[in-house]
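Listed below are the structures to be examined.
In what follows, chain A forms one complex with chain B and a second complex with chain C.
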Partner chain A sequence: MIRAVGARLGGMALTLLLGSVIVFLLLNALPGDPALVMLGLDATPDAVVRLHHQLGLDLPLPLRYLRWAGGLLTLHLGTSLTYAVPVSQLLADRLRITLPLAGITLLLSVAIGLPVGVAAAARQGRVSDTAIMVAAQLFKAIPDFWGGVLLILLFALVLHWLPSGGFPGWEPSPLAALRALVLPALALALPQAAILARFMRSATLGALSEDFVRTARAKGLGTQAALWRHAVPNALVPVITLVGIQFPLLLTGTIIVETVFDLPGLGRLVLEAIDQRDLPVVQDIVLLLVGLVVLVNVAVDLAALRLDPRLGGERRA
Partner chain B sequence: MSVLLEVEGLSLRVRRGAEYAYLLERVGFALEVGGTLGVVGESGCGKSMLALALIGLLPRGVAASGAVRLDGTDLLALPERARRATRGRRIAMVFQEPMRALNPTQPIGRQVAEGLRAQLGLGRAEADARARALLDRVGLPAGVASPHTLPHRLSGGQRQRVLIAIALACEPALLIADEFSTALDMGTQAQVLALLAELVAERRMALLMITHDLGLLAQVCARALVLYAGRAVEAAPTAALFAARRHPYTEGLFGCSLHAGHTAPGTRLPTIRGQVPPPFARGPGCCFAGRCGRVEPDCLPEQPPLHAAGPAHRVACLHPVVTV
Partner chain C sequence: MRRPAPPRHPSLWAGTLILALVLVPAALSAVWTPFPPGAIDIAHRLLSPSLRHVLGTDPFGRDVASRLMVATLNSGLVCAAAIALGGLVGIPLGLLGAAPGWGGALVMRIADLGLAFPPLLTAAMLVAAEGTGIAAEIVAIGAFNVPAFMRIARGGALSVLHRDFIAAARVAGRGRVAILLEHVLPNIGAILLVQATLALAIAALSEAGLSYLGLGMPPPLPSLGRILADDQARIFDAPLLVIAPGAVVALLVLGCNLLGDGLRDRLDPTLAPVR
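For the complex of A and B:
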């Protein structure tokens, strides 16, 4: 296990290195000069040159990359061009919303999707199974932003149970802050849960038809015990991997949902920063997202390894 | 000897649209305490379905009728709860495909202990201790495999030993072995088989062995039941069957198997021409008529009943093979 963790952390470092190069090249190859955006359309060429020098944009690309990457390693993330505050402070503020949002969404989608999928598999072919799968198909097809609007209509405007948007901050009342995150997390989690449910259903059905489930039944285990102790743990292995694959979609979803629910999170920040050609901010956020995705996938890998030790290599035929 | 298992008129029916078909049709036999019975026949004759019907794990959509009496109690009439109490406890089963019959994500000790906990209500520590002893007994002592070993670290023969330990755990009265060693190489097969025979004798268990391997039949089983297309076509003591086959199907089956090693190079191996008719394509007459060399017009209108053809020897054929 320790070796497996080490190997994956090494892979993670390599991915981040490659990711940083790609992010840097892509963003610097994009059209749009931050200096022009900052100075406005009537900027004099002289002013543009001076600003370029000030921002370090006149340096050769490799040098600019090394400056950025070196900064990252020493946790000096640079300064936002538009907000004139350290990027680290900006990120910290926004992460306080987006990280809990992504966490709650991940939890909700797993907590809804997996049991629903297992329940459908256990009722294969019955009306309830079909009903669950039709509902899942429906939720899967609803785009985050539209689902978000529907949830606002129902829970905020009709039932008045939850706020329709905005974020009161964590300090005055953590509970109020959490309540503000419920609807956006649901809007994001429902389509994810639907995908997980469908996948979990077919994985569970596959596991149920395995010989070892029959062995378990022949020992005298009931259908439920055979399902939960034997079929589900085996079905979880591919599904957990899917959670990792879905996570980037979840992160991009936060960008849209934060806009719909008017949450000042990371997603909103990255949209604004792109609009303003705020290169340091965009670079850092994109790399941060890469880091989050890689981290979640390492966690998912280790969870799958724990569930199915055969994945650890050194197989025997 | 007292009778342990009595199967009477056991039929298994499946439905397709408005049609019905029989996977097993009025099969009957008896097995004494500590007795051994081999069920032979080609694939598709209903051997595995018979095993699943006995242990009560038929796939959905297969309806059983008739009687399966264990110590006088008709298992088919029991509610699922009571039926489950017999699984593992009174009737246990060793499955084919040892590679797939063990849960790949669970240590073997736990898989052995699980039945003990479920059926005998043992606590964790006691079940684990018994599981370890069972693994020792089936030839997997501490040096070879620990209870924490995962199935993928074991060879096919070792996995088969674990499956035997699982089946023996609650000391059942009847053990069903379904093609249980066909996935193993010859040497391993012999070892595992010897172990199984030894354990069955030691614990006075009755053994119902499903096989298409006549060598195995001869080695292990005192009696034999030949199934063809869901029907019992011949039943006899194994020795009598080896001495003289009466049903043309049994004769064909033995011909394919026993002479296979004695065929001169360049000549064709003996076969039974044609295939087992699938359940929905079986007519009213003798089910073997379409492949039989001895077929006469009177074979076609109805299924020939089993009748006596020697001491404890019964055959379902109007024109049985006569050997001198």
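For the complex of A and C:
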């Protein structure tokens, strides 16, 4: 186990290193001058030189990479060009919306997807099973932003139950803030829950056909007990891996949904930064999100390993 | 190839039907649309659906159906190019990774790296550095597809390489590359086809999301996501403007998913009992 953890962490470090090089090269080595883009085409050569110096663009590329990567390692992020404040401060501000949104989404999708998947497996072949699977197939196909718009149409414009967008902030009333996150989280969670439900169903059916379930049944365990005590826990292992695979798209989904619901989160920040060519902000946020994806995948890998030690023998390839 | 018996693979047929429903009008738009998709006609703005304008007109008086047809073709072509890119890079890398030695570890590393860059992040960087463009969108979606093709090609190749006919080909003096091309690739073609179909569904979602955010193909090319974004404020007075483009994306995704599932069931009989 310790060796496995070490291997995963080593792999993670290597992936992060390569990832940071890719992010840096894409944003710094492609033809095109960010200073010229920021100042506009009629910029004086003098101003361009000054901005180059201010941005550190006059340094050789490897040195610029080392300065950036070194800064990240010591938690010194860049400075936003448009806001003139440290990127870390912007991030802390925006993450107060994005992290709760991602958390609620994950909770909702698991809370909906897993029970529905198990229920469908328990009713395999019946009409209700087919109905659940058809519904899951439909929900899986809904683009996040369209789902968001439809939810606004239903819950905000027709029923007037929930706000259609915007964020009141956490301070005045945490409850109002939570209410503002319900529809965005639901828009993200429903397709995810559908994917989880389909996967959970087939994983549960797979576990139900295993020898240990037959043994438990032969020893007199009831259908329900065999399902919940033996099949479901074993079905969870591949499902946890699936959550890891889905995570990158869930994370970028929050960026899309924040736009639909006009939430000032990380997504809005990165889109504004792209609009204003605020490259330090784009660079830091992209690497932060890449790091988050890598971290979650290692965590998922280790969780699966802990739940099912049989996986330790071979690397998932 | 044996002809499938329709009742056994309902999702195969449902998927084909749904895709035909969306893609035939899209393909038709290359040569004909009911109205010129960009023709502005302010006198006839925001019309309700009628026989003349099947889906009504938008705030500029443009025919919604014509624009959706062109947008579907644009989005579909971008997705197809992205999947082709993912396959063209991923499959050879995966086959290489099936060679004994450190190939497997290398494939794992590249796959981990590729999966850490969802299309939106790659697109964000490319657009920030270079501005929007079709190539940027194709690369962003395609790069994320490389790992899956790589893993599937490698896994498939590993399961084929120890078979007797491979040994026979080797004895007959065929070289490594020839064996991979002539014997391994045809044997993993089916699973790669299934992967490509399912990947198209995710690519369609990504493309719609990117163009919704303005990170996709640049205007004035109509794309499904941007049509929805442009008309989102009209949700009060003309909800159809917002519902229709999203519905086309959903049908595209649903069709690909059903077709992919159906193909997998049909091509891989070992999966049948767990359905």
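One rule holds for everything that comes next: the second predicted complex is superposed on the first by the 296 of 317 C-alpha atoms of A that agree within 3 Å, B and C clash if a C-alpha of one lies under 4 Å from a C-alpha of the other, contacts with A are read in each partner's own complex, and residues count from 1 in each chain.
Note that in this section contacts are C-beta pairs under 8 Å (C-beta built on N, C-alpha and C of every residue); 3 or more make two chains touch, one makes a residue touch a chain.
Remember, it's a predicted structure, so these values are computed and weren't measured experimentally.
Under the clash rule set out above, the superposition-derived model of chain A with chain B and chain C shows the two partners fitting side by side. Of the two partner chains, chain C is the only one that A:297 touches; chain B does not reach it.
When the shared chain is aligned, no partner comes close enough to touch A:305: not chain B, not chain C. On the chain A superposition, the C-alpha centres give an angle at chain A of 80° between chain B and chain C, rounded to a multiple of 10.
Contacts of A:138 after superposition: chain C is touched, whereas chain B is not reached. In the superposition on chain A, A:212 makes contact with chain B only, while chain C stays out of contact range. In the superposition on chain A, A:121 makes contact with neither chain B nor chain C. Ranking chain B and chain C by residues of chain A touched puts C first. Least inter-chain distance for chain B and chain C in the combined superposition, rounded to the nearest angstrom, is 13, based on C-alpha atoms.
Residue overlap on chain A between the chain B contacts of one complex and the chain C contacts of the other covers 315. Chain contact summary for the complex, chain A toward chain C: residues 11, 14-15, 18-19, 22-23, 26-27, 30, 32, 34, 137-138, 140-146, 149-150, 152-153, 157, 202, 205-206, 209, 245, 248-249, 251-253, 255-256, 259-260, 270-271, 273-274, 277, 279, 282-283, 286, 289-290, 293-294, 297, 315, 317.
Against chain A, the residues of chain B that register as touching in their complex are 55, 57, 84-89, 92-93, 95, 97, 100-106, 111, 114-115, 118-119, 150, 152-155, 163, 166-167, 169-170. Residues 210-212, 214-222, 225, 229-230, 233-234, 237, 307-310, 315-316 of chain A touch chain B in their complex.
Looking at the complex, you find that chain C touches chain A at residues 104, 107-109, 112-113, 115-122, 124-130, 144, 151, 154-155, 201-202, 205, 208-209, 212-215, 225, 228-229, 232, 235-236, 239, 242-243, 245-247, 249-251, 253-254, 257-258, 273-275.
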